[in-house]
Every structure is written in C-alpha cells, then in structure tokens.
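For clarity, chains are labelled A, B, C and D in written order, and residue numbers in each chain start from 1.
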C-alpha cells in the first residue's frame, strides 16, 4: 500500500479559495497514471497555509475522487502533539489510509531526540492509521537521525519514512537499521534511483505530479535490474526536478502543471507566482524531456 | 507605547489546558514591576501550539487583567498572509495594542525579499493596530535584512522591529536606516546594553519574565549615561539568560518561574520538561543574581 | 590509470618526524591488495601539517616503494596558485602520475566560481601531469558546483574529480555533464555503491586503507551487476567508515591501522590521539567486519 | 602595547612579488596616523599565500620601517603546532612584539576544545613574545568558545584575543571571564563601538588601513563618554567597512588603498581583482565619508 511512486499533490486555489472542481479534474488525470497514490497536504499541498477545516474537507474530497485501488496519504503533522493527534484522527475519518507526519520544528533547540521520540510515539499510539515519518531538513532545519529511526521503526504503527534530505548515506543507514517491511521512500526524484538501488521502496516526489510515468519507469527498471536505462532517465530528470522543487518551489510546480494540461494556478500568499523567465526555463526543461 | 522593556509571557498550562487562574496571578505580578508591557503569544507563549480560538481568548484575558497603562502586544504571525491578517484583526478586537509578526518561514526558499516585503505590506495594510516586524533567525532560519527593514519602515503602520538574531552590526544598520520613531527593540537580554547603546528603544526579553527590574535597570542606566554600572549588570545576566533561552528554551523558562513565585508549569508536548540537573543549574544562576 | 579504488594513505610519524621505514612496510602491504593506487598527501596524509620539502621527499619515496603498475597520485593543492603550480611540478618530477588539487578556501568569500575556474585553469595549464579536482566541503566550507565542473572538464589536462561531499544528486550531475573519459570518483566509502551505480569510476577512500579488498569487491560486484551482494557489503561498512572519517578523523584512522598490522602511530599536533573508548568502538566495528 | 587601533596591513605585490618599496611608503603613511600599531600577515596580509621565507623578511622589514614607538604584531598561525612554534620564534627574532595566532582549522572535526587548548598552550609555552588568540569563524569555520578563552587567559603568555566573529554576546562573555589585563580587541570596525562599550581595549580592523583616524576617534570618544558622537561615526562607517571586508575582501581593500594615495595593487592569485562597478561602489562610500 505504501510502495511505489506517490505524488504529493498541490492544493489548487482560485482567488485564494480551494478550487474543488479543478482538483477533481487533476485527480482524474493522476488517477489514470501509474502512480500508486497521492499525498494530500504534504509540503507541496501548502499545508501550513490551509486551515484545519479545509484540510479535513480536502482529505475527504480526494479520497472520494481518486481511484479506490490507489492510496491516499494525509499530511497531518502540526507543531503540537495534541493538534497532530487530532488531525490524524480526522484524516482517518475522512478516509486517508496513512498519515505522513512532519517533524515539529519551530522550537528547534528543544526538538532533541527524546522529544521527537516521544512525539512520534504519542502520535502513533493514538493514530487509527499507519504513520510515516517525514524528514524534511530543508524546510524544518531538523534531521531525523538513523538511531531515532531505528527505535521508532519498532513501533507497530510506524510503517516507514519519507526522506527529503537526500543524504544517501543516511538513507542507507535507515535501510540497514530497519526491518524489511519498514518502508523507506525517497522524498525527491533527484535521488530516486540511488535510493531504490540501496533498497528504498518508492518515492513521494514533487516531480511525480508532472512526470509520473517517468518516475514509475525508473522504479520498474531498477526492479528489473536494468540499471543503464534507469540511470539515463534518472540523469535526464534532475534538471526539471530542481526547477519544480528547490529552485522555484510550489509556485514553480503549479506553473508547470498549467503547462501540461493540469490546473496549477496561484499559490496562497505570501508565496509569489513565478515570472516569465522562470516559466520559459521550465518550458525548456519540459521540452527536453518531451513532456510538452 | 512600544518603548521600554517587555516580557514575552509564557502561556500557563495544567494538563495541557490553559490555566487562566494562574495566568491572572502571573499578570498581577508582572504588572507590579517596571515592565512597559507584555507580548502575549510570542515564541515564549508557545504560539505554534495554541489554537486560534485559544489565542483570541488569551489576548482578551491578558488585556483585561493587565494594568491599563501598560501595553499588550499580540503575537499574530502565521504562515499564510490570510491567516495572519485574520488573527491580527481578532487580536485588535480583543484589545491588543500592537501586533508582533513573525516572518513566515516554512517555505524558506520562496521567502525571498520580494515575498517578505509583500507579506508585511499586505498585513500592515489590513491591520487595525501598529505592526512590529519580528526577526527570529534561530527558529525560522530566515533573516530580515537591513535593506528590507529600510523599505518596510516607510509603511505608516509598521512601527518597529524586534530582533532576536543579535547581530549587533545588523541592529546598527536597522537604526542607521530607519527614522527616529521606528522602534528597534532587542529580542534577548544578552545583548540589551549594546543594542541600547547603538540606539535601540528597549527590549522584548524572555529574561524580563524572570528579572524584569534588572532589565529595566540596564535600560535606565544607559539612558543616564551610567555605562559602567550598566555593563556590570549586563555581564551578570548573560548566563541566566542563556539558560532560559537558547539552552533550555520555554521549558527552562517555565521551570524558572516556578522557582521565583510565579506559575510556570509544563509546556505543551512535544516540548519536554527539563530535569533536576537543569533545574539545579538554573537555581544556581538565580542565586548568583540574588533572585532566589 | 585513475579508475578503481585508491587509498589516501596517512603519513606515519614517530615523535613528529616522518617514519620512512614504517611507510615502506605499509606500502608493501597496500601494494599487495587489489588497490589501483594511492594518494600521497591527501587530507588523510595530514598535508597541511607537512612542509614542502617533506612533501617532495614523500612523493618520491612512495613512488619508489609502491608497485610500478599501480598509480601514485600526489595531493598538491595549496592556497595560492603559485605554490600549487610549484608543488605540482615538483610532484611530477618526483614521479607522481596525477595531482589531486584541493580548492583553495581560506578566503571563502573571494573563492567564487570565476576565481576557482581561473585557479584550476592556471594550475592545469602548468601541470606536467593530469589534474583531478578535489571537492571537500566538510573541510573547506566550499563546494565545486556542477556548472563549474562542466566547464573545467573541457580542459585537456583536467581528468576528473574526487567528491567527498557525498551529495548523490550533485555526483549525478557531474556524471551527466562531463564526457565519459572524465573520471568521477567517490571520496568516501559510505556512498561508494550509489556513486558507482550512477556512473562513478571508483573511489579514493579513507576506508580503503583499512579494508581495501572490501572496497574493491563492491566495485567489482557493481560492474558485474551483482547488486544484492554489493548492497549488503555497502551497508556493512558504513559504520566503520564513519569511525575512521567524520567521527575520529586521521587519529581514528591511524589507531585502526595499528590494530590490523599496519603502522598507524600518532598524528602531528594539534590533532590529539584518540582514547581507549574510541579504540574499543573501532575494534568492535572491525570485529563485526571480521577484519580482526 | 596591545591597546588601541591596529591596521592588519595588506602585503603589496607587483607581478606577484612583494613590492618592498611600496610597502615602505605605505608604512610611512600609517606610521603618521593615530594607529597604535600594525599586524603584519594577518588575513588581510594574504598570509596563506606568502611563503615562510617571505614572511620572516616581511616582519623584519615592517619592524625596521615602522615607528619604533608603535607595535608590530606578527600573524604566525599555521595548521600544525610545530610550524606555528617555528614561525613564532622567527617572528620574534625579526622584531615582532606579539604573535596573533589563528585557530588551526583544516581538520575541523578534530579541532575540539581539548585540541585547541593544547595547541594554544604549546605555542604560548614556546613563544618568546606574547600571544594573541585569533578567532575568525568566517574564514575558519571554527569558533573559540568563552569557556576555552577563560582557561587560556590564565596562561601567562596569552595576553588577549582578536575576535572577528562579531557576536557581541560572546565578546561580552570573554570580557566577563578574563582578567582586566587580558586584552579583547574587535576584529572588525563594524562592531567597534559596541565592543568598546562592553570593555574591549581596541580593534584590529581592516578599515583601519583606510580610515585609521576615524577608527581611533571612535575609540577616544567612547573613552571620553561621548557616546552620541561615537555612535554617529560608528553608523557612518559600517557600509565602507562591509565593502572592504565581507563583500570584496582583500581585493576590495587593495583597490580602496589605491584610491586614497596608498599602494594597494593586486592580490596574489587565485584572488581576482575587483571590477569597475565594485570600485565605483567603494568610491561612493569613500566620498560619503569625505575620505576622497
């Protein structure tokens, strides 16, 4: 259920309000690809900009309008333990099949290993659905270390980790230190192949919104031992991946979706839309991959 | 109204619920000191752990139970522009006299100067009360630069900045680049005197919860040109200040309050309370300052 | 000549003086392994602690006492262009077959892309032997970016890059952007397999001093498409690798050599030898790998 | 002897060779200012680009051609203890009156507090002249902590510290933790006044090469309690200071000297000279200060 390629979908807005019609159309398109599922309200869903009521509605809507045989994961992490537990329960009620839980991070200096261990244990104890750890040092300034992952992997309701840090040594250590059914997934398409080669089970990838089938293809080729072909695709997508992640973020990802027949639209403020030069750069990268 | 020493007060909890009775007692004590006012739901108020309804109730309660001639500032910054505007309006309705607005920071790479300029301008345009910028790089991973402060200081509703970064050169640049009535305040007691010497108008200081009158004394001595005495007090408080900020954070501050006759209590989870060794270290620092 | 596994050998000292007899014995042992060659006066050779005359003597000695069919690479990078050119010429005269050139880094803010491009071009123009770029952000605080590597790879005398940063995406970009005969080598055994899978040609690995044949084995298994076995060895060596690199550095590496029949000895000061607890930790890691 | 304002002078080069005639002229000019002395072969002297023989000659030359009643400090720090001791003895023989010793830093992970304590103790034990610690985190990536300074200040031959990090809290801690005759000096003009106000005894300032008498004036005004005037000058020099330090480094400093009647010339490579736009920016800053 948690294996394969997942798209952490953006939340579509028109005039700052959620555009459910557009979302339904997007879901239909992603549903027709090789994706194993989606994450609703991960970072690319602008989760910190979405109110609690909106979140619950989004999870229910997505579950309802996405193919039943594919998985819907909810991004439910908040800063406090109580809010995270509350949202995770609501996500489960709304039909989400797993919860992706970001590290609380505002009080960085207090979020030591003991605090994070307690946080994830408390949440997993209370969660009606399986929990995935979410390591996103670029946004949070915190790292979930291998020793902590090793401990947390023993909890019966903690089923895996999404790692967006991309430190391939650390990913290897997660894989070395956890049982086979603990799912390590790549958090960016830029290191999908090396992560898979070391034993990762898939990816939750911003790029999977744009080039789902190329991402799925890399995964299949690695499974089949066809490394030369996988490597060639892997190298070819790094540039586009950077444009829709580190370089232009959610605004870049949304502009990209607009170019390929999905609805992207504007992010909520304070994120500003990207300009024409940035769009041209993205378009060139899409053309190079023959996506437009 | 924004000058002098302010305490960013902690939010008291019993069994994870806000303890209004304890808060009322604390407010009475702080109200009897030389403080110019308080910040309700700054970082030390555990603002990311407090729900929106709770926030509004806290602002109203604090305004009602704190001396009328002292200022109540509300920490209203959220990640999205819309939520920040909404909360700032609610804070004004609840009686807060100014809003302290943290930089949105989750999408660090997107929070460039243009985005932050737009964010603060949008919020200040809509805010019924004066806005203070809040620069807290240690928690946010972002810095508000001198050129941005220079621009924003021209907005009629942006009245100052709290700087918790402590880069004294940058503080000097803020003071060089803004008009006299733009209020720069130190965000930590550890650099209160050097900031005042360069022209800062006061401080919003975690330590002001614990040693309000020593902080006020530094400010008075600098105003009077009595630098030798100010320097001596300044040096004496750095150690305690570190314990209740960088080293042990909100949990340390709360434990400290419990030692000096205020109610501190436990932080909301995932912040863990500090242990006995840490408490002994704090007690020793308090004894050195003759506070206990 | 630059492909395969290389050991960046430590410089043996007795009472702070170079112990050539011990070095000769070590060289004979490494020469009998599957290593393709050695680097003399890389970081693990304590190059910043070795005087210019000593360096020249070491290169000549190593070339003389190491098997002729194996490669000797000299670490010749200095802060100034003129010293780097001078040392590189001396290394060539002493018989070194290639030069590994660290980024100059003391004046970090001045070492922009233009300065580094000019530096490497100047050195490669003057060097009688092929030049390898050496990217070591952990020690230098600087990174050689993919666009710069792409440019420099066009120089006829710049033949490759050792990357010790371990960012697998960046390594993939180096491989994407350079011709097939430009040699990218892993700078640490902890990411040897993923680097090889993406197209790297080998590694210059501190661990190759200690477990040369395990490192060679990973390389062979990847070449043969035996990924499961390679992955298993790769995971097994990460822990030991950390102990002899990031955690205990040169002092740890030298203590390890003393445990396995080589001469390690003491580093030059100010590096302090490791203590008994650290040695026990290393011994346990060696036992786990059945090296002792 | 170590109090007051010092200029860490650049080393003049013509065609990459030391230009002693130009140096003599510069020394005569600096000698006629209010400077207390100079540092020969600090960072601004491009010390990592200067060979050992050249260093010794430079120290002797500077001592010979600089007014006898002013102090010449030699930058003698190297990576190894043995080289640092050797150079410090040579500097003393050449007439230098104190040695400024940078933290060794290439092996950052090994340069823990114990290693640095041993390093500075070893050097101070052997040095015929007083030792100044040199904390330069921007270039070295390492910080000398207050607890270490406290310990080292007890050594009879360690007489002070130059701090270029500019953390005013840490500077305050150095001053809190060391005896009155331990000299703390600011390492940049940008925080000269706040450091003096907290008790620093002077500064070793890149800007003191360009505006020696303004720097001296700040120091005098603070001594006289004329804080308003001092503050005004302090704020006015921050911009120029940034241009000749963080922004354009040694190349910027040298170009600036060329504009004001000193000889600046070119840095040794790999540092590149600055361009015309950068020069215009500096010229404007000089004009604002009425220096040209």
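Simple rule for what comes next: contacts are C-beta pairs under 8 Å (C-beta built on N, C-alpha and C of every residue); 3 or more make two chains touch, one makes a residue touch a chain.
On a predicted model such as this, the values are computed, not experimentally measured, just so you know.
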| item | value |
| --- | --- |
| Steps in the shortest chain-to-chain touch route ending at chain C and beginning at chain B | 2 |
| Chain D and chain B - chains in contact with each | none |
| Per Cα centroids, the chain farthest from chain D | A |
| Proportion of interface numbers common to chain C and chain D (over half same, under half different) | same |
| Gap in Å, rounded to a whole number, between the CA centres of chain B and chain A | 35 |
| CA centroid of chain A to CA centroid of chain D, Å | 50 |
| Chain B residues counted as touching two or more neighbouring chains | none |
| Listing of all chain pairs that touch each other, if any do | A-B, A-C, B-D, C-D |
| Complex contacts: residues of chain D adjacent to chain B | 166-169, 172-173, 175-176, 188, 190-191, 193-194, 197-199, 225, 227, 231, 234-235, 238 |
| Residue numbers on chain B that touch chain A, as the complex places them | 16, 43, 48-49, 51, 79-83, 104, 106-111, 114-116, 118-119, 122, 138-139, 141, 246-247, 249-251, 268-272 |
